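We call the chains A, B, C and D, going by the order they appear; numbering starts again at 1 in every chain.
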């Protein structure tokens, strides 16, 4: 199996009247799947940053956005497997009492994923299906069909319940609903945030953006599912995992800077 | 077509520390379909009542519940057609610009029916169906299957959106969701509250209660639909119609009396 | 007492791919307070309209917006009293059992006003105050201080509860919250929609818009209160009253035309 | 400073038709403040258990509730300082950029604490106060006065926003609202669940229950605050800390056993 090389990165241009503390989550996880190289941060005006790992092991970078205009850029290259994520229709659901201890938390409700509230809906639609990988696939198919993708249709506070009502959302909302249905069935599911290059994709989106998808615990590992795109893809590079988007935010500011622009890059090098 | 004779009525036993103004909506509408006779109010301790019509023409009775224990009974007999409500699969939906003026209000949102919020859900599920009586039937079939009837699953503030999320409800909730879907499609629908005797019904409920169903404007009249029971019935006696349950409450108290018991009667006389 | 003369009116420029039935509620009520003259509708392309009164007696105009661009203009002149609305600190609250029958409906919950849900909040803040005109004034003062006016902070589905949580709103939201608090205390309150010229107002708003305020039943009549502006004003011209904004919408379309622009006029003639 | 000795524990009697996996969080944290001794689990019918630490370091115990009736008892003794928790009016708030990395998570929204949604409310009420310990005290005083304690007024899904609307709650709700206000102001706050004996308390509650309170990061440590009781107390024994009640649940069942009874013990030994 060969590899592909990607340019990754993002640039945030922001304005603030006063210095604002901020945390950026845009550096990929160092999980060995993607080899991350040549990382660099370019910040104008120059400012110090500091890196730490959050409770999920995600890499976070703290810095103080200066007053006035600031431009924060992260870039790196990644070598990723020239293969789509693994699909395993035989992977079984694991009964709750056999789940690893540290996986249990991904069966619980969180800020945006409300399996308690949508329990009846989840059991009514999916409770009668054969447990296992196929049932999670059925959930993804359902969410993919049920919701209509539309920028601006939801906001930063929209939960899986809101999205279930309105039937509109963006990739984060598709993921929250998929995660919610899994958890309602006691299937551990977590939220993933990352770069998703458009390798061998027919219909490209107008502009590149960060992407959200989910991982589901089946057998003895996490499997990738993507209720938004709902098709195996090459080149996913994870920035972080967590319970939902509240845990993995590209940028958290302790104040209210104005975001003039955000540009995300995730493209193959020498793709032709 | 013959008629059937019904005993109708209800008794509320309530307690209050102070006198409490109240309005009861339990007297059937005088619409000519059901012939209402021998009406009487029995109130202990004796208290004056006063009747008026609300903005929908429903009969309401005002009185002051005395301090202490009170027992309020209404009873009447009704002659109703020995026939189930009319079914007309040919009845067409009417385009909004051809609806009568006074029917337009039944296309709008109200306290418990939120066609604005569930618009996308309604259009996604029913927008592609052939307009007309059959589409309303499809809505009723869907609601009847989608929701699970369960006493205590909802409260006095539960909206059609809440019910759509939880998938549990009582007859009022089934009706609110059905009304909501119709209105979202610009089909006028209104909430009906009344007596529903169990004539020729196989599976009887444990205890008689008031019932809620809906009327939908098709062709040039209101047709009866019942998302809860979802089968034609004999002997419906309407107490009131309105936009939703906020308009037709069996009892509205301006204070907080404690309801010790409520008994509803709706049974055939000499049924054998 | 003299009068003042106003130019009133509005123009809606809309686009639609197909003809869309619509109802406009922009013609003032003919209540004798304001003398309405010289009314005219200018519609391009020319289209027929039809007038009717809704269940509250408000004047509504139905028409079919043509496909393509349409421009709908209403204009009129009004003679209004050269006086601010009446203030009567002695006006008493009326006990529920003494309220007129047709006023009772304004104590109930409606689409956007939820006195049931905010009952405890209302009683905690205002339950201990002396009943009467002064208590309603206290409610208006509170709402006026509590909420921050901000265009775009709420949407067409925002209820009084949402506004109570976010503390942001526009005049309709201020009114919904004021109405809600009154109803929670069993004080009848209704929503008013109308023209509000800026006569003798110091700080003028950038652009004229429709306005919303409320009327509260005290003694034996409706009194005007305005939680948004919270100061007596001259020249209010009522377009409609109802339970809340769901009952009095400037424009209801049975379809989704795109609103290119809306201009509202409410200005004194020869003011100098 | 002396110590006091406590008996701690709880018994859950549950029924289930099938074996149900469950996790109990009732064992105190081993933080050195309370010395925990003589711990034992008594389970009938006898069943194996297994202990693990969750992501916050809380002790959790997994077991399989058998079909039929089960009785799960945990008990222990604790030696606790004979002193109320520390109060330090001089403790300062720490600016976000100076907060320890692992404390940052407690400024974010979580399942039941929604500082994003109540941001404006928090800043309006507390934004103008002097930062520091006193501001957190002001938040606790406010919540303590604002909410009315009432069993059954909220449910397992009630968020801080719901509680802010209804003004009713139990200790968990008081805590969620207090935590929410702190986080909205960028003050780290976390939810604590534990045993709270009634040592030197004048008005005792009818029955002992688990208690919830919060810890707030000021200066360089966590301080205890209790918006429910709002007075320093002796003998708090922590079971767990987390972002909110979703992280620290006394019992999580993967199924729906029926809870016949729950008894909690937290009393001084030889108290007289």
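Convention: a residue touches a chain if its C-beta (ideal position, glycine included) is under 8 Å from a C-beta of that chain, and two chains touch if they have at least 3 such contacts.
In this text the structure is predicted, and so the values were computed from the model without any measurement.
Considering every other chain in turn, the ones in contact with both subunit A and subunit C prove to be B, D. For the touching copies subunit C and subunit D, the fraction of interface residue numbers used by both exceeds half; the interface is of the same-residue type. Across the two interfaces under comparison, A-B and A-D, the one joined by more C-beta contacts turns out to be A-D.
Look at where the CA atoms of subunit A average out and do the same for subunit D: the two points lie 31 Å apart.
Mean C-alpha positions place subunit A and subunit B at a centre distance of 47 Å. Touching two or more other chains at once are residues 117 of subunit D. If you sketch which chains touch which, the chains form one closed loop in which each chain touches exactly two neighbours. Shown are all chain pairs that touch, namely A-B, A-D, B-C, C-D. Remark: subunit A residues 21, 23, 52-55, 60, 62, 64, 95-97, 101-102, 104-105, 107-111, 114, 116-117, 156-157, 186, 246-247, 252, 254 touch subunit D in the complex.
The touching residues of subunit C, when paired with subunit D in their complex, are 117-118, 120-121, 124, 146, 148, 161, 164-168.
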